[in-house]
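Each of the next two complexes has chain A plus one other chain: chain B in the first, chain C in the second.
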Partner chain A sequence: MQRALHIDPKKCTGCLQCEMACSYEKDGVFNPSKSRIKVFTFHHEGRFAPYTCTQCAEAWCQKACPVEAIQIDAATGAKVIVDARCVGCKVCTIACPFGTVNYNSVTGKVIKCDLCGGDPACASACPTAAITYVDADWTGIDKMRAYAEQSLAGTA
Partner chain B sequence: MQYLIIGAGPAGVTAAETLRRLDADATIRIIGDEPEPPYSRMAIPYLLMDNIAEQGTHLREHGNHFADLRIDVTRGRVEQVDAAGHRVRLQDGGSLSYDSLLIATGSSPVHPPIPGIDGPNVTSCWTLADARRILAGARSGSRVVLIGAGFIGSIVLEALAQRGVQLSVVEQGERMVPRMMGPEAGGMLKRWCESKGVSVYTGIGVSSIDAGGVTLADDTRLEADLVITATGVKSNVGFLEGSGVKVDQGVLIDRHFRTNVADVYAAGDVAQGLDFSTGDYAVHAIQPTATDHGHIAALNMSGQAAEYEGSLNMNVLDTLGLLSCSFGRWDGVAGGEHAELYAPDDWRYLSLQFDGDRLVGANAVGLSQHVGILRGLIQRRTPLGEWKERLMRDPTRLMEAYLATTQVI
Partner chain C sequence: MAWTRKILRVDLNNGTCTAEALNMAWAKDYLGQRGLATKYLSEEVDPKCDALGPDNKLIMTTGPLTGTMASTGGRYSVVTKSPLTGLVACSNSGGFIGAEMKNAGWDMIIFEGKSAQPVYLYVENDTAELRPADDLWGKSVWEADELLHKKHQDPLLRVACIGRAAEQGCLYSAVVNDLHRAAGRSGVGTVMASKNLKAVAIRGTKGVGNIRDPQGFMAAVNAGKQVLADNAVTGQGLPTYGTQVLMNVINGIGAMPTRNMREVQFDGASKISGEAMHEPRKSDGKPNLTTNAGCFGCTIACGRISTVDRGHFSVENKPEYWGNSGGLEYEAAWALGSDTGVDDLDAITYVNFLCNEDGMDPISFGATVAAAMELFQEGAITTEHTGGIDLSFDRADTLVKLAELTAKGEGFGKDIGLGSKRLCEKYGRPELSMTVKSQEFPAYDPRGIQGMGLAYATSNRGACHLRGYTVASEVLGIPVKTDPLATEGKAELVKAFQDATAAVDSSGLCVFTTFAWSMENIAPQVDAACDGDWSVDKMLEVGERIWNLERDFNMRAGMTADQDTLPKRLLKDAATVGPAKGRVNDLDKMLPEYYALRGWTADGQITPETRTRFRL
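Entry: the complex of A and B
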C-alpha cells in the first residue's frame, strides 16, 4: 500500500518542528530555510498551513527536467532529485505549478520533498499530528491531486 | 503502425517514449542529425562551467534507454517530406516510410548580417560541437565578447563568467532580456552583472567583427579572442519547402498538433502552437513546452483526441547568482491592473499582472522560493477574489494568496 503525507492545517500550531526536522534530516542543520516542507502563517486569521510536494502522478517537474534528474523512488512513489544528474537549470522550479521544487544556491541543485525514503522526518517530529504519513487511500490524496491537477494537465 | 519522428531533442524523445507507452507493437524511429546521443541544449551552460561532463547533457541517463524501449535512434538528415507518398527522403539518398510523422526539428541560431560574423573566431552556443569550441577558446583570462543578452545569451553569460574569462556583453535592445522582463528588472540585471565584473553594453549594435575583436556602432572597440553570438533562434522548417506543410514562424499546428497535411504532426521549437495566454498561435522555444508538446502530440498521433490547452511562455534565469523569472503576460494586458514591488538596493523585484481578479503574468527578481505557484495561479486561471486587492497593496503576500485560493491543502 502506497503511503502519503496527510496534512491537516487545523491541527498545526506553527511550531516549525517539521521544518527543523526536515532540514536536519536532509542537510544536517537546523535551518528552516533548507526545509522541504514550509509552514505558512496567515497572520490575520491566526492560521497555519504546512505545505509540501504531493508527489503528483504526472509530475510536471519530472517531465520538464531536461536531463532525467528527477526519478521515481520505486518503494514510496516519491519524485526524487538525483543530485548527480541535476545541473541546476531550475526549469522544474517554474514548471511545478505547486511551487514545491526550490533552488538551493549553496549546492547549485534543486531540492524537494522525497518522503525521506518512507519515514518522513516531518511527520515524526509533528507534535500535534497535523502531518501524518498514512495509507494513501485514507488521505483522499487522489481526490486532492485530481483537484490540484484539474485544468493544469495541458489538455482539455 | 510506423511512427517516424524527425528530431532527437526533448519534444521528439518525449513523443517517442509516450508512443511506446501507448503502443507496445508500433515501430518507432527517431532521426536526428547530430552525432551524439539525444542531449539537452539546456545543459550546455553547465558543461561550460565544468560542472558536468558531456554525458551529463544526455536527455536520458542510461545508454541502453532507447534500445530497451525499442525506439530506433538513427543519425540522418531529412531533405524532403513526400506527404502523399508517406515517405521522407534523406540527405544520404535513402528514404523512410511512415504511417504517422512528427516534425520535431527544433530551431537554430540566427546570425544577423554583421560583417565578419562568419569568421573563425565567431561561434554560436547551441550544439555540443559549439560547446567544445567554446571550451577550447574561452579559458581563464581569455577576452570574450558575447553578442546578445536575451534569455539564451544571459544563460551563456553566466557560464562564461564562471569560466573566468574577461567578458563583455553587447545587447542591441535597450536592456538585458528585453523580451522577458521590463526596464526595472532588466536594469537590475545589468547593474548586477556589472558589479560582478562583466562589461554590459545595451542599446547599441555591433557594426563589425574582425580577427581582433568587435566594433560597436559608436566605434567603441572591444578586443576579443573569441566572439560568441546569441542573437535569437528560428524554427528549422527549410526542409519542408514544397511539402505542402504550411509554415509561418514555425509549422502551423492545430490544438491536436496536426499540420494541414494528413498524418503529419509537429511539436517543440519548430511548432507554432496555441499560446495559453493570448489564444494566438506562437513559437515558444522553451524546454517545458517542448516536452508538453511531445507528450500531447503523441497522444493524438496514437488516436486519442487530446486537445491542447496551450503553452505558457515562461523562463527562469540565474545571472551570476541573481535569480529571475518571467511568466505569461509579464508585460500586462489592456485594461488589466498591475502590482509592483521594486527594491533595487535589495536586488528584489516582483511584478504581478492581472486581468480582472486573475493573474495573467509575472516577473520576479531575487525570488527563489515557491516560484512555480506563479505558473499555477496563471494556468489554473484562479479567481483571486479579495486576495487580488491584498496583492495590489502587497504583492509579497503571494504564497498566502495561493494557499487561500487554491485549497490544495
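Entry: the complex of A and C
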C-alpha cells in the first residue's frame, strides 16, 4: 500500500518539531531553515499550517528538470532529488506550483520532501498527530468519518 | 557540545560587535542561560551600579538545549541588574527568538554601554551590526516588529523588542519576542530602553548540532516527549486550558490573592478562568480561546491564542484589536482580574494584548493597579491625582484606561509605571504595597500555601512564583503531596525547588516540563547533548551554585537579609474565608531552617565554607 503525508492544520500548535526532525534526518542538525516541511503561522487568524510536497503523480518539478535529477522512489511514490545529478539550476523551484522545492545555498542543490524512504521523520515527531502518514488512497477518510458522524446525528 | 561556544559582545558606546569564545570553564560550573549569564554579569558588572546607567549590562542568553529537538528547547533569558528590585534580574521567555539566536551560531549576546542614538541589532549568522532605529523608536512592539520584517524583506526574521512603556521608563517593562512572548519580569525591557536599544532582529540558518551523543540524545528526547504526553497536566490540562487550568483550583483552596491581596478568594474567578475561555460568547458564538500554541520545540503547547469580543467596549471601533493574539495565562488573568476585582474576561484579554503590544509585565502592572485602587479607596489617591479617573476596585473601564495610559507613559500611567512599591511610597502608604524586594506578587496567596511564603521571601528576584514553585507539591501533589497549610518540611521543599529550577532555567528547557519531568528525565538529555558530566547530582549542584551566586550578587548590591520577608498583611492579617481561614503566613517558622539548609548564617549571610564549596 502506498502512503502519503496527511496534514490536519487544526491540530497543529506551531511547535516546529517537524521542521527539526526533517533537518535532523537529512542534515544531522536541528535547523528549521533547511527543513523540507514548513509550518506557517497566521497570527491574526490564530491558525497554523504545516506545508510540504504532496508528491504530485504528474510532477512538474520532474518534468522541468533538464538533467533528470528528480526520480521516483518506486516503493513510496516520492519524487526524490538525486544529488549526484542535480546541478542547482533551480528550474524545478520555478516549475513547482506550490513552492515546495527549494534551493539550498550551502550544498548548491535543491531540496524537497522525499518521504524519508517511507518513514517520514516529521510525522513521527509531531506531538499532536497534525502530520500523519496514511493510506495514499484514503487521505480523506477522517473528514469523511466526521461528516458521516454528523449525518448520523441528523437521523437520530 | 550543544553550546555554540561563541558570544557576541555588542559595545553600544562605540557601535561595535565582536565575537569571543564562551568561557567553557564557567559553562562546566553554570551550564548555560540563567546560570552562565549570571556568572558573566557577576564578573563584569558592579552590583552597586545604576541599573539604568551605562555601567549595567544586558545579556540575552540561551541554554545548551535551546534550538534542539528536546521538548520545550527554545527558551532564552534576559539577564541584567533590575531597575525594579536593584537585584539580579533573569527573565525567561519562549517563542522562537532563542532558537534563532542559537541557529545563528551564538550562545549569548552581551550588550554593554549606551548608544547615543536609538539603534537595533541585526544578526544574520556570523554577521552582526547595529543599525539606526530612529524610525522604530516611539513605536509599539507590534509596529516595530512589522516594520523590521518589511525593512529586511524577510518573513522568517525573528524579533525581540521593547515597547513604548520601556521607552517611557515604566519600571516593569518586558522584552517581547515573537509578538506575544516575553522576558516579562523585573524590568529587563527598561534596561534595554536605557541603552537606546530598541530591538534585536535575528536570522540564523546554521542549525544546532554538535550533539555529543546524537543517538543517546534522540532516545532521551523521545522518552521525555512520551512522559509529557502521558502526564495529565502536561498532556491534557495545559494544552486544553493553559496555565489558566489553575484559576478555579487555586480559588477553591483559598489561595487566590484578591483586591490587592486583602482577600483570598475571588467571587468572579470562574468568569475569567480557563474554562470560561472555552465558553462560546453570546455575540458571535465564538469562544475567547481560538487555539493553543506551542513555543519552539514544545510538545506541551500551553500558549493561548485568543480574541476579544468585537462588541466589547474596550475594542469598539478599534479593528486593529479584532484579530487573534496571545491570550491570557493564569498569572496575567489573576493580576489583571482577581487582584483588581475585575471579572470581565474581554477587558482583561484586551489589557493582556496591550501588555504584549507595549511590553509591560502584566503581573506587576495588574498588581500596581490593585495597589492604586486600594490607595484610592483609602483616600490617599484622589481623582485630582488621576486626572479624573475613578480608581474603584472591580472597574473594568478603569483597568483598560490605565493600561492604555501606562503603555504610552501618559498621565496617571506614569505613576502606575513606578510599580507598586514606589507608588505606595509616593502616596504615603508603603504598607499597602504587596511586594517582596520591590517586585509584585504572583497569583498564589502564601497564607493558603505556606511554602510559597518562604519561596517569595527568599526569591533572588523578589516576589516570584518561578524561582521555587512549591505549589506543584503543596497543591498538585508533584512530585509528592504536602499539606499547603503546614510549615514543617517546607524549608527543604523550597530549597529543592529553587535549586532544581535554577538548573532547568540554565538548560534551555521550560520549567513547565517539571510538572511531568523530574531531574531524572532532564539530566540524560543534557548529558547526551553536552560534554562533561551532567548527572542528576551535578545538575542539582549547579542549581545550588547558581542560587548562591545570585544571592551573592544581591548582597553585594546592598540587599540585606531583613528583606527576606513578606508584607505585614500576609504575616499579620489572617485569611477570612476558605480552607486557610484564620491563617497568616508563618514565615518565621520556616526561614531559620532554610538559612541553615542553605549553609548560610542565622542572619542570612553566605558562609565562607559554602563559598568555597561552590567556588564563588
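Simple rule for what comes next: the second predicted complex is superposed on the first by the 139 of 156 C-alpha atoms of A that agree within 3 Å, B and C clash if a C-alpha of one lies under 4 Å from a C-alpha of the other, contacts with A are read in each partner's own complex, and residues count from 1 in each chain.
In the analysis below, a contact is a pair of C-beta atoms (placed from the backbone, for glycine too) under 8 Å apart; a residue touches a chain by one contact, two chains touch by 3 or more.
Everything numeric in this text was worked out from a predicted model, so none of it was measured.
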Note to self: According to the stated criteria, A:A49 is in contact with first (chain B), second (chain C), both, or neither; which is it?
What the structure shows: first
Margin query: Taking the superposition on A as described, I'd like to know which of chain B and chain C A:V134 touches: first, second, both or neither.
Written below: neither
Next item on the list: Tell me which partner A:Y24 touches in the superposition: chain B (first), chain C (second), both or neither.
Entry: second
Next item on the list: Would you check which partner chain A:K34 touches, where first means chain B only, second means chain C only, and both and neither mean what they say?
Entry: second
Notebook entry, point to check: Looking at chain A, which partner touches more of its residues: chain C or chain B?
Noted result: B
Note to self: Show me the residue ranges of chain A that touch chain C in the complex, using the header's touch definition.
What the structure shows: 13-17, 20-21, 23-24, 27-34, 43-48, 125, 127-128
Next item on the list: Note which residues of chain A are touching chain B in the complex, please.
Entry: 7, 9, 38, 40, 42, 49-51, 54, 60, 63-64, 66-68, 85, 87-91, 93-103, 105, 108, 144, 147-148, 151-156
Checklist line | List of chain B residues in touch with chain A within their complex | finding: 10, 14, 40, 42-43, 45-46, 51-52, 56-61, 287-288, 291-292, 295-296, 299, 306-309, 314-316, 318, 321, 323, 325, 327, 368-376, 379-381, 399-400, 402-404, 406-409
Note to self: Per the contact definition, I'd like the list of chain C residues that touch chain A in the complex.
What the structure shows: 67-69, 71, 96, 99, 103, 156, 179, 204-209, 214, 218, 225, 229, 239, 290-299, 301, 303, 305-307, 323-325
